[in-house]
Amino acid sequence: MSKEKNMIKFIFEQHNRLSCIFRFNNVPRLAPQSVAEHSYRVAFLSMLIADDLISRGVEVDKLKLLEMGMLHDIEEVVSGDIIKILKQGKFKKELDKMNEQNASGILCLLGTKGDEYFALWKEASTGTTLEAKIIGFCDMIDRIIYCVKESHLGNNYLRELLEFEAKKLHEWIPILPKLTSFIEELTNYALLYLRGDPDILKGINRAVRIYDYKVDE
Amino acid sequence: MSKEKNMIKFIFEQHNRLSCIFRFNNVPRLAPQSVAEHSYRVAFLSMLIADDLISRGVEVDKLKLLEMGMLHDIEEVVSGDIIKILKQGKFKKELDKMNEQNASGILCLLGTKGDEYFALWKEASTGTTLEAKIIGFCDMIDRIIYCVKESHLGNNYLRELLEFEAKKLHEWIPILPKLTSFIEELTNYALLYLRGDPDILKGINRAVRIYDYKVDE
Amino acid sequence: MSKEKNMIKFIFEQHNRLSCIFRFNNVPRLAPQSVAEHSYRVAFLSMLIADDLISRGVEVDKLKLLEMGMLHDIEEVVSGDIIKILKQGKFKKELDKMNEQNASGILCLLGTKGDEYFALWKEASTGTTLEAKIIGFCDMIDRIIYCVKESHLGNNYLRELLEFEAKKLHEWIPILPKLTSFIEELTNYALLYLRGDPDILKGINRAVRIYDYKVDE
Amino acid sequence: MSKEKNMIKFIFEQHNRLSCIFRFNNVPRLAPQSVAEHSYRVAFLSMLIADDLISRGVEVDKLKLLEMGMLHDIEEVVSGDIIKILKQGKFKKELDKMNEQNASGILCLLGTKGDEYFALWKEASTGTTLEAKIIGFCDMIDRIIYCVKESHLGNNYLRELLEFEAKKLHEWIPILPKLTSFIEELTNYALLYLRGDPDILKGINRAVRIYDYKVDE
Amino acid sequence: MSKEKNMIKFIFEQHNRLSCIFRFNNVPRLAPQSVAEHSYRVAFLSMLIADDLISRGVEVDKLKLLEMGMLHDIEEVVSGDIIKILKQGKFKKELDKMNEQNASGILCLLGTKGDEYFALWKEASTGTTLEAKIIGFCDMIDRIIYCVKESHLGNNYLRELLEFEAKKLHEWIPILPKLTSFIEELTNYALLYLRGDPDILKGINRAVRIYDYKVDE
Amino acid sequence: MSKEKNMIKFIFEQHNRLSCIFRFNNVPRLAPQSVAEHSYRVAFLSMLIADDLISRGVEVDKLKLLEMGMLHDIEEVVSGDIIKILKQGKFKKELDKMNEQNASGILCLLGTKGDEYFALWKEASTGTTLEAKIIGFCDMIDRIIYCVKESHLGNNYLRELLEFEAKKLHEWIPILPKLTSFIEELTNYALLYLRGDPDILKGINRAVRIYDYKVDE
């Protein structure tokens, strides 16, 4: 088949499935989050973080980073959602191997370019470069964003996970030390949210901002 | 407020709204598409297209392209979804101006970096560089992907739009001539889908691929 | 085309879209409200308010009022939902003009009767007659009803808007002075709801009422 | 309690439930229709039909008609949705009595005005006046509108009901003889839709109309 | 028609409707509960309760019990959901009779076996045997489970019903005296949940359990 | 903790999760099916099949069968949904082991009774007894029921899976030879459905049956 046809088949028949696969599949959710939406936010956050690090003199390969954000969950086209706890548990090794085969299987439809994408996927998954660390960190931030959103919609099932993740955030400080104050502010923000801090709630509710906009004119 | 606090506020209180704003708001839809999901696909597609063009000897600034994909609908954080037809119609000029003010207003929370992001947003919106053209083209492809998905879920309300967009695709040939055969294949694919071509349907249904995977072992 | 055919086309192909267009499109919502549902409540409330005013000796054209309730958002068949804040902002004039053209365009399918409906739409939008004021007031009450419902479903994103609207209600007192005590009670009710007043909550939860019904027998 | 308080309680604690009660509760549905949305359409349609009849020299009390449209399903605040077939079946008499008690119970919260509303509800339910007939007819049209919408979203479960209702429409000709050609056109429209008539589908898909709008300028 | 064909028609055309009929149809709900899901839980709970009673020396016909759990709401295939309060109210007798005819009508498709199923349905409905009492009790527990789930998703509309049902649970003690301590614990659990007891909330949020699982390894 | 408390915790904090876990997580679905709903249908179908086999002189332990239906997917409380194809693929052994540990972990909360339930779960999973075969067969039938339902709602993504499963049904003939004609009828029914057989469609649409009911009177 021609390269164009393969690209089109990849796009319409495989990759687009990421908008139909929803994360956190064993938790009662009010606004399920697709892998596509998650991938967008991970890539967007990694752009923000990279620009922040660059402004502090750190060298980051932003292009590689954004491409890794695009690709980091691509294996789910084949496997669907598997909850994180399973992937971190006793069967991590087997599940990692399965994911690698799925990522490779799906990307090989794209020929030699697919091999390069697979290398980026693998780098994002194994996590030793700075860029891989940033992806891992943004993956975690997006969990927190999602938990705040669900909590704010009223769903109490994710409050404990939110607290758990917020309190674990400091583990990223030795990994990404230049982000120390960002990480501390973020932890603080999440914990203040959980405690019902009125300033945080006001910011999230945003009605104020909407009316600021009106007043601006 | 500290730079970190501003970033956190931007992330949690503004940018995350893109996952709650759904496109095509005046069409009956079965699986509404958020702006976040759309932005992911536009950025992903632009990566694929850029790599294809590069392999044909075209120079593309992939990093700029991916950042433009991330940012190109950011003004909707403020405005919500406004259907495309309005934005292209008689009031285009006023709505463009409004969108520009909204994008600028939302991004200025990010300080000087926000100004650079706004410049990228503007480039994506006005569309004279190669990268802007690619974003515009991928924006269009994602409309087609979404129409195929809704149609395949059974929704007939988007079939005519699908046909309309597919038949207009050739207008991109003079704009992106290196993509001629891709555009022709894509037009063909969409029109064959609408005619119920069994090979296309089989590919989309994908049950086959799933069972291939089983057989592989 | 015959008048009957035009009516049928208007009903099946245009007007019915109001049940597929959902309001507040940039706010995370748990139970999205269609324009059809909103229009029902605005018309219903205007009937209640009119009957109340009439009982106080005010002359109200109830028929005109109900027709205005039916028609007041008809332009959204064409435009889809545009969030209120945009329509009130800097671009009000342009958007008003656009809405007028859309309302006129959609209603002209109904021939000379459509022109009369358009006149009612315009009266509802420009708001100088008593009936137009009542529609505007009921439009506002329905925002409060919707915010209470979402809040009671657990959604915190609309609490601030609820407070904002409740506190602005008194601005209607000089416009509809005969409704002063109704407006004051309504403000009170909304603010007590936000403060978690147990009597209000009990009323809304209604389980009691259901069991009253059983006990009644 | 003051009259104002009673009105507010009726609005916030009872009447608003009509937007949470969904019709056709034993049929698989893609876009469930609330009683509020249904009531809007019945009232709107009755306005169109009344104006058509008036233009043919028939005397119709439009105000009464619109009020009846507002009120005709109000008993469902108490009872929830009960599928039509039950209400028409062997237990019609008992269910009618139950509905009457529920309507009366809910409306008595509105004092003497509530008694008048109950009289309108009863007139709409028993159906001997011209206005009651129009409500009954519009109730039926809305069933057809809903079936067309669900069918067009892909749901096949309502196609047979659509055909059944369309073929029964002619029974309204002796009841509302002035609407003969409207009824015939409507029957025709529904049956052509079921047969996949391309002109009807084109009208419903409406993409064309959207682009007409663009071309207009 | 052959017995096999009748079974297939019963399965695909009638019984499967229980997954499309949602309970509590006049209450705003976040995660509507199908009759299929409810029936599963009633049967499952009755298995647990029966095993508990058996371990205390009570004789229970578990097979009959599970079959009754499977069948106890089968009449809703025909009637759809009718809210409990109606079925318990003034029209109980008529509605009971209607339900009996519906259950009989639907089950007679299964021939003589259907007659036996109908006998089980009737036993579950009339409630004099131990097994019928257990079904009634589990039906009530599932109401409490559902109210807790909705409440935990943020929905306040069911909190009062939860309290009402929890406080009525003790009425089951004279009916199922061997379950006294279970009933007392259950009442306690529900009331502690409503008061926001941190231990109960922690258990329900379950994030802890997930991480226990990880730590286990 | 007391036995009662453990039962309550199992019910409210673990088992109820089966109503929030949805199957086929990587397929676009219109009406997602919970594990609770699926378990209900598997148990119900196994009751029907067992009664059929018994009427043909086969000995079946119906009680064990129903309990196995109740329990057969209980491990998903811990793991969430994992798509079938993964569980059947190259990593079957590891995933089977993981599932066994999860089932055991979740059921051990129920003490010695939990051990018996686990034995039933294991029997259902490993499949050598007649009862295990029936569960496996009913699991497959429910996949077909779900695919028919989604297809009938308009979703084309499951048509190929439906065809695939229908054509594989005959593999059950040597396993459950007494069901040969049932299996053949079922295959036939599913394939006729896919071909749009008008009698099958009429049966599924059921509008006819509803009106039969009316005519009955």
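We just call them A, B, C, D, E and F in the order they show up, numbering each chain from 1.
One rule holds in what follows: contacts are C-beta pairs under 8 Å (C-beta built on N, C-alpha and C of every residue); 3 or more make two chains touch, one makes a residue touch a chain.
Quick caveat, the model's predicted, so the values are computed rather than measured.
**Q** How would you label the chain B and chain D contact, same or different, if same means the shared numbers make up over half of all numbers there?
**A** Counting shared over all numbers used gives less than one half: different.
**Q** Report the inter-chain centroid distance for chain B and chain C in whole angstrom, where each centroid is the mean of the CA atoms.
**A** From the centre of chain B to the centre of chain C is 34 Å.
**Q** Just the number, please: Cα centre separation of chain D and chain F in whole Å.
**A** Between these chains, centre-to-centre, one finds 39 Å.
**Q** For chain C versus chain D, what separation do you get between their C-alpha means, in angstrom?
**A** Averaging C-alpha atoms per chain gives centres 19 Å apart.
**Q** Got the chain A residues that touch at least 2 other chains?
**A** 17, 20, 28, 30-31, 78, 90, 149, 153-155, 204, 206, 213, 216
**Q** If we use the touch criterion from the header, which chain pairs count as touching?
**A** A-B, A-C, A-E, A-F, B-C, B-D, B-F, C-D, C-E, D-E, D-F, E-F
**Q** What residues on chain F touch chain A, complex-wise?
**A** Within the complex, chain F contacts chain A at residues 17, 20-22, 25-29, 76-83, 86, 89-91, 94-95, 97-98, 101.
**Q** Hey, which residues of chain C end up touching chain A in the complex?
**A** 28, 30, 85, 88-90, 153-161, 163-164
**Q** Enumerate the contact residues on chain A facing chain B in the complex.
**A** Within the complex, chain A contacts chain B at residues 2-5, 7-9, 11-20, 31, 33-34, 36-37, 39-41, 43-45, 47-48, 51-52, 55, 62-63, 66-67, 70, 78, 105, 110, 113, 141, 145, 148-149, 181-182, 185-186, 189, 203-204, 206, 209, 213, 216.
**Q** Can you list the chain F residues touching chain D in their complex?
**A** Counting only chain F, the residues touching chain D are 30-31, 149, 152-155, 201-202, 204-208, 210-211, 213-214, 216-217.
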